[in-house]
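Both complexes shown next keep chain A, but they swap its partner, so chain B is in the first and chain C is in the second.
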Partner chain A sequence: MGRYILRRSLLGVATLLLVMFVLHLLTTFAIQLNGNPALAFFGDKVPTESQLAAVETRFGLDDPCYDQTGNPCLGPFVERLGQYAQGDFGTNLRGREVTDIVATAAPNTLKLFLVVTIVWFVLGMGLGTAAARRRDRSADHGIRLTSVLIDAFPIFVLLLVYRYVFAVPLNGWAEDTFGAGSLPALWFRPSFDDDHPWATLLVPGILLGLAGSAAFIRLVRASQLESYAGDHVRTARSRGLNERHVVTHHVIRNSAVPVVTAVGLTFTEALAGAVVTEGMMNIYGMGGVLWEAVRAADVALILGIVTILAAVTVVVMLVVDIAYAALDPRIRYA
Partner chain B sequence: MGRKAAVAATATAVALVLASCSGGGGDDDGTDGGGGGGGSDPDATLHLALSQDVETLLPMDSNVGDNISVLDVVYDGLVRYDPKTTEPYNYVAESVETEDNTVWTIKIKPDLTFQNGEPVDADAFARAWNYAAYGPNAMANNYFFERIAGYDEMQGETDDEGNVTKEPEAETLSGLKVVDPQTLEVTLTGPFAGFATMLGYTGFFPIAQACLDDIEACAVQPIGNGPFQVEKWDQGVNLTAQRWEDYTLEETPEYGAIEWTEYTGEDNWPDFQAGNLDFAVPPPAEQQAAANDPDLQERYVEGPGAALTYLAFPLYKDGPWTDVEFRKAISLAVDRQGIIDALLPGQRVPADSWVVPDVVPGGTGGTCEWCTFDPEAAKAALEKAGGWPEGEKLTIHLGQDATEQELFKAVGDSIQETLGIPYELDATPDYFARRAARDFSGPFRANWFPDYPLNENYLAPVYASGDEKNGNVEFGYYSADFEAAVKAGDEAATLDEAVTQYQEAEKILATDFPTIPLFVAQNTDYYSENVSNVVLDPFSGEPKLRLLEVTNG
Partner chain C sequence: MIPVTETLIPPADAERSAGDVLLEVEDLAVEFRSDDGAVRAVDGLSYRVEAGRTLALVGESGCGKSVSSLAVMGLLPPTARVVRGTARYRGTDLLALSPTRHRAHCGTHVAMVFQDALAALNPVHTVGYQLTESLRSRTGTSRREARRRAVELLDLVKVPNAAQRVDEYPHQFSGGMRQRVMIASALALDPDVLIADEPTTALDVTVQAQVLRLLAEIQAERQMGLVLITHDLGVVAGVADDVTVMYAGRAVEHAPVRDLYAAPAHPYTRALLRSVPRLDSGAEVAGGRLPVVPGRPPAPGRVPSGCSFHPRCDMAQDLCRTVEPPLDDVAPGRSSACHFAAELLGGARA
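On to the complex of A and B.
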């Protein structure tokens, strides 16, 4: 087990370095090809050479390699890695600490993810299990149809409809019924409120979770059906164990392996969904910050945020791999 | 059906919210919007949206609409601008005088202080201006100080690679002299009649010594001298300001606090509908619904904007556009009103002058004779210019803004339809770099947003270069007559005379026709029942916060 974790960790670190390097190359080329973000600082005005140079220095883009198309700018990359190693993630273009930005943004994203994960599990395990148990009956058909319908509504459509059609009337109704500033009124607030993060994150989180739950429902159903048909279940039943015991110990646990794997994969998908959700619901989170950073060609911020996100993803994958191994002893020896 | 239902639902929701608002209000006397007699509630809080692009609240570094609008209530400038005529009047300054338009003596009102108790004196202005003018500080408002003597010595020099070849020689402007605590003497590099007009701009606000000592802290927690004090700024989330009780000057609103919520985009309309914001502009898809809502229409305000969009030509390159008749033909072929009606009704107005009318002194409409849509005259002008070379395409360059691409596609279509000139759009991501490098092979979109309210600002910074051989960098225009007219304005004895002289300069543009005025932005806003006396600032497009009356919702 120890060697397995070590091997996966080293692979994770290598992945992280590769991600950072590719990202560095992409942003560097973007600056070389698209023009300097320092120029955008001046808007419609044409700056003098020295004005431009001063802003480049301020933005940390004064290395001449940024002006040479095709130059991979290894110098600034190595310098940055050294700073990261010392825990210094640098500042964004306007001098705000990246760690400060992350400290404000990350808690909101984490709260959102917690709601999303709970929704996945509740819907995925609940509906998937129910569908598997009532295979080919009307409940099963209904659940499968629902999962297809969910797939048909991407997250931005769900949020758009929610914000523009439902949120305002629901919010008005809740304020009328329960009073302004009451919990139900906050649930239906059309956008995030920093003073009440949990209440205002709940509905967007449920919607984002709902949008990602369809694949889960079908996966849980399929893998449980496989278990139901398995020899070990027939054996358990023939030993006279009651149905509840059979389902919880022999069906659900055995069908958990692919589901846990899917959590890891869907996590990255949720990250993409978070960019949309945070943007539309005005949540100051990692996705929204990243979106703005890319728009502004803010190299230090993009690299800082993506490095942190990549690190989190690598850790989640690692945890998934370990959980996988714990659930299925055969995997460790493979 | 579905759409109607949505509109009905929205209307009901607004009605519900309004009902709950008036139900919970304190001493709401119900005179919102009508005649401005409502007055303000001293406990009321104004709720506004702020773009997340705001990165700093340092006056020397603030030059976008949003932070200018915040700083307008946090700081006081030497002069302020009349909300209607945009003409400057003395505010923190007791007097601004000059005899030759070169040496200016500014007397500052006595006993004014910053919110931390420091005096607002000549030093407070000198330290802010010196910091902004010092090149290596890379302040956004650095270039505003170009006119003050000693500016050049404060800039370093760089080679083509961007390496610094020479450090700045001076750290302070030689043209700034603190005569006594209440008197500041400013020497310009040459006469400029509009200098007093510039002084109300954000970049000219004073800063406290404590601010200079810790610039980074001051950028997020400003020490102002205005009627509001920044209480807390959670960057990217929200910003709150409270009324400063010790404020001594007269222009202060009566409401108690302002809360700005930061938004990633412009999409805050549902929050306005839910009563969380006092001002909002609907997204394009909701505009029709808002326009058809009689209740909302009562709380709609529009005003002229200051941004001018025009078409420029690479006059530095050979091509049909070097002939003024060709440029005329293009201008006459663009159906400005038709394009606006089809794409952005109410958000733009057709431009027919180089100085936008109604927002700056000296701006009048109709100075452009060939800015009307006249297909016959356009064809005649094209013929006179010798036509368009067979088989070639007219390339129109612009940046990558989606709305502008739509707009310029329509401009291109209009030209193609009227004159039969095939065109292509080149939406380039490095527009600014290519424009600076003179890398355009056809006409290109350009935009001008003035820095201070004077017609000169639409003219000299764009068209005057003093470079007889190459013309100005952007499009290679040079006219000795134009430069002489601008200079005459700069040297005029009074501001009024200067404005008239600058109008002469605009007339020269009208004859030379180097660029084609196309569209002028229009500011629009909807406001909640809690606010009244709404006047939009033509510059920021935001409501004038000092004039607003706010009651508790």
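On to the complex of A and C.
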């Protein structure tokens, strides 16, 4: 088990480095092809040579390699790795520490994630289990149809429709019925409010969770059906155990391995969804900040945030791998 | 919740004494739904299991041995259904009970050992857990007591180092040891009747013999009724008291094991016996190959008219193609479903 975790951890670190390197290459080539992002610092003003040079130095863009199209710029990459290792993620274009921005934005993203995770986990396990247990009966058909319908509406469509069609009338109705500052009125606020993070995150979180649950429902159903067909389930029944015990200890328990794997995948999907959701609902979170950073061509901020998100993903994958081994003794003792 | 012991475990077991009729299967018929209509996998099977005796259920692959056992246990797949017949445990027809009440008899009264122990045991639970989960879930036995019982059960089936091995997982056991675990788990609630469905076919020959001997010992010691399912008549000789030979979903011959070996009363049994290697007559193994029963058994749903064995029978007459022979008594304690059973037996005696 110890060696397994060590192996997985090393693999995780390697993955993270690879992601960072690819990201570095992409931004390097973007700079080489599109011109100097340091200009973004000045907005509409035209800087002098020396002003520009000063800004380039400050953001580490002064290396001549950025003028040579095709040069992978390994020097600045190694330099940046060294800074990251010391906890220095640089500053954004306005001079604010990236770590400081993350520290204020991350809690909102975490809240959003919590809502999302609860929604898709409850929907996925609940509906997936119900569908598997009533295989080929109307409940099963209904649940499968619902999951396909959800898939037909990608998250940004859901959010657009919600925000521009439903949010305003719902919000108006809630203000009329419960009062302007009431909780229901906050729920249906079309955009995020820093003073009431939970209330204004709830509906976007539920929508994002709903979007993520569709594939998860199908996966839970499929993996449980596989368990149901297993000989070990028949053996458990032959011991005279009641059906509820059989379902929890021999069906759900055995389908936990593929389900946990899917949790990792769904997590990355939800991460992508969070970027879109935060951007569209003006939520001040990691995704919202990244969304703004991309629009402002703020290279240091983009690199910093994407690196942190990638690190989080790698850690989640590692946790999934460890859970996987904890759940399946055939892996643990391999 | 209703107290577990009251609802889940039917009234305390009567003492088992040799000769008690424990399980009586009568005229059992099972159908599978398929694209071209219903298909009979078992059609009018009857047998009877007594305390302290072993009944061997013998027949070629596909004759319905497993399906009939699963029907008795209420474990048929959703595509199958019992269309006729009864399976009475000490007088109670299990097949007439609700699924929940039927389930309650499983494990305690009738238990089953499956063929492929690797698939039949759950890979994610320890052997100890699986040995005693019925005990814990149905009688509320404490964790500590259950563990003690698990070790006892492993000792009973002669797994070495039992105290240590209870915490291991099925994949850490060898095939033979795993099959012993399978047997131990079926014995956990001290069942009256144990149905062992080809418990040794997946094992190599020496291990096979050990596991069979173990089963026979435990059966004798506990005065259990044992149904031993096999397609190998050779396996039966040392272990069984009675034999029921199945062909195409029904019983074609029933006899005490000695009588059957001495003089089969059905041509199919005779053909099966010829395919068993015998130490005393080297002649039959001449050429290095054992004779097998010529031809193939019919697929369910394509059972021939008259006697279902007639296309493969070397004694078949015109009568056999049209008239189905009933399973009739041919001698005390013996029955056969062949029009010419008397001739067969007479010929053997002459």
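The rule we apply is simple: the second predicted complex is superposed on the first by the 315 of 334 C-alpha atoms of A that agree within 3 Å, B and C clash if a C-alpha of one lies under 4 Å from a C-alpha of the other, contacts with A are read in each partner's own complex, and residues count from 1 in each chain.
Keep in mind that, in the parts below, contacts are C-beta pairs under 8 Å (C-beta built on N, C-alpha and C of every residue); 3 or more make two chains touch, one makes a residue touch a chain.
Since this is a predicted model, take the numbers as computed values, not measurements.
In the superposed model, A:330 lies in contact with chain C only, and not with chain B.
In the superposition on chain A, A:146 contacts neither chain B nor chain C.
Contacts of A:232 after superposition on the shared chain: chain C is touched, whereas chain B is not.
In the superposed model, B is the one of chain B and chain C that contacts more residues of chain A.
When the two structures are aligned on the shared chain, A:49 is found in touch with chain B, with no touch to chain C.
Of the two partner chains placed by superposition, A:117 touches none, neither chain B nor chain C. In the superposed model, A:240 lies in contact with chain C only, and not with chain B.
Look at A:254: by the touch rule set out above, it reaches chain C but stays clear of chain B. No residue of chain A contacts both chain B in one complex and chain C in the other. Taken together, the chain B residues at the contact with chain A in this complex read 6, 9-10, 12-14, 16-17, 19-20, 24, 52-53, 55-56, 63, 135-138, 140, 142-143, 155-158, 160-164, 216, 219, 234-238, 261-265, 267-268, 270-271, 273-276, 286, 429-436, 446-449, 461, 473-474. Chain contact summary for the complex, chain C toward chain A: residues 8, 70, 73-75, 100, 103-108, 111-112, 114, 116, 119-126, 133-134, 137-138, 169, 171-172, 182, 185-186, 188-189. Chain contact summary for the complex, chain A toward chain B: residues 33-36, 39-58, 62, 64, 67, 92-96, 101, 104-105, 163-165, 167-169, 171-173, 175-176, 180, 189-191, 194, 278-280, 282, 284, 288-289, 291-292. Those residues of chain A that touch chain C in the complex are listed here as 230-232, 234-243, 245, 249-250, 253-254, 257, 327-330, 333.
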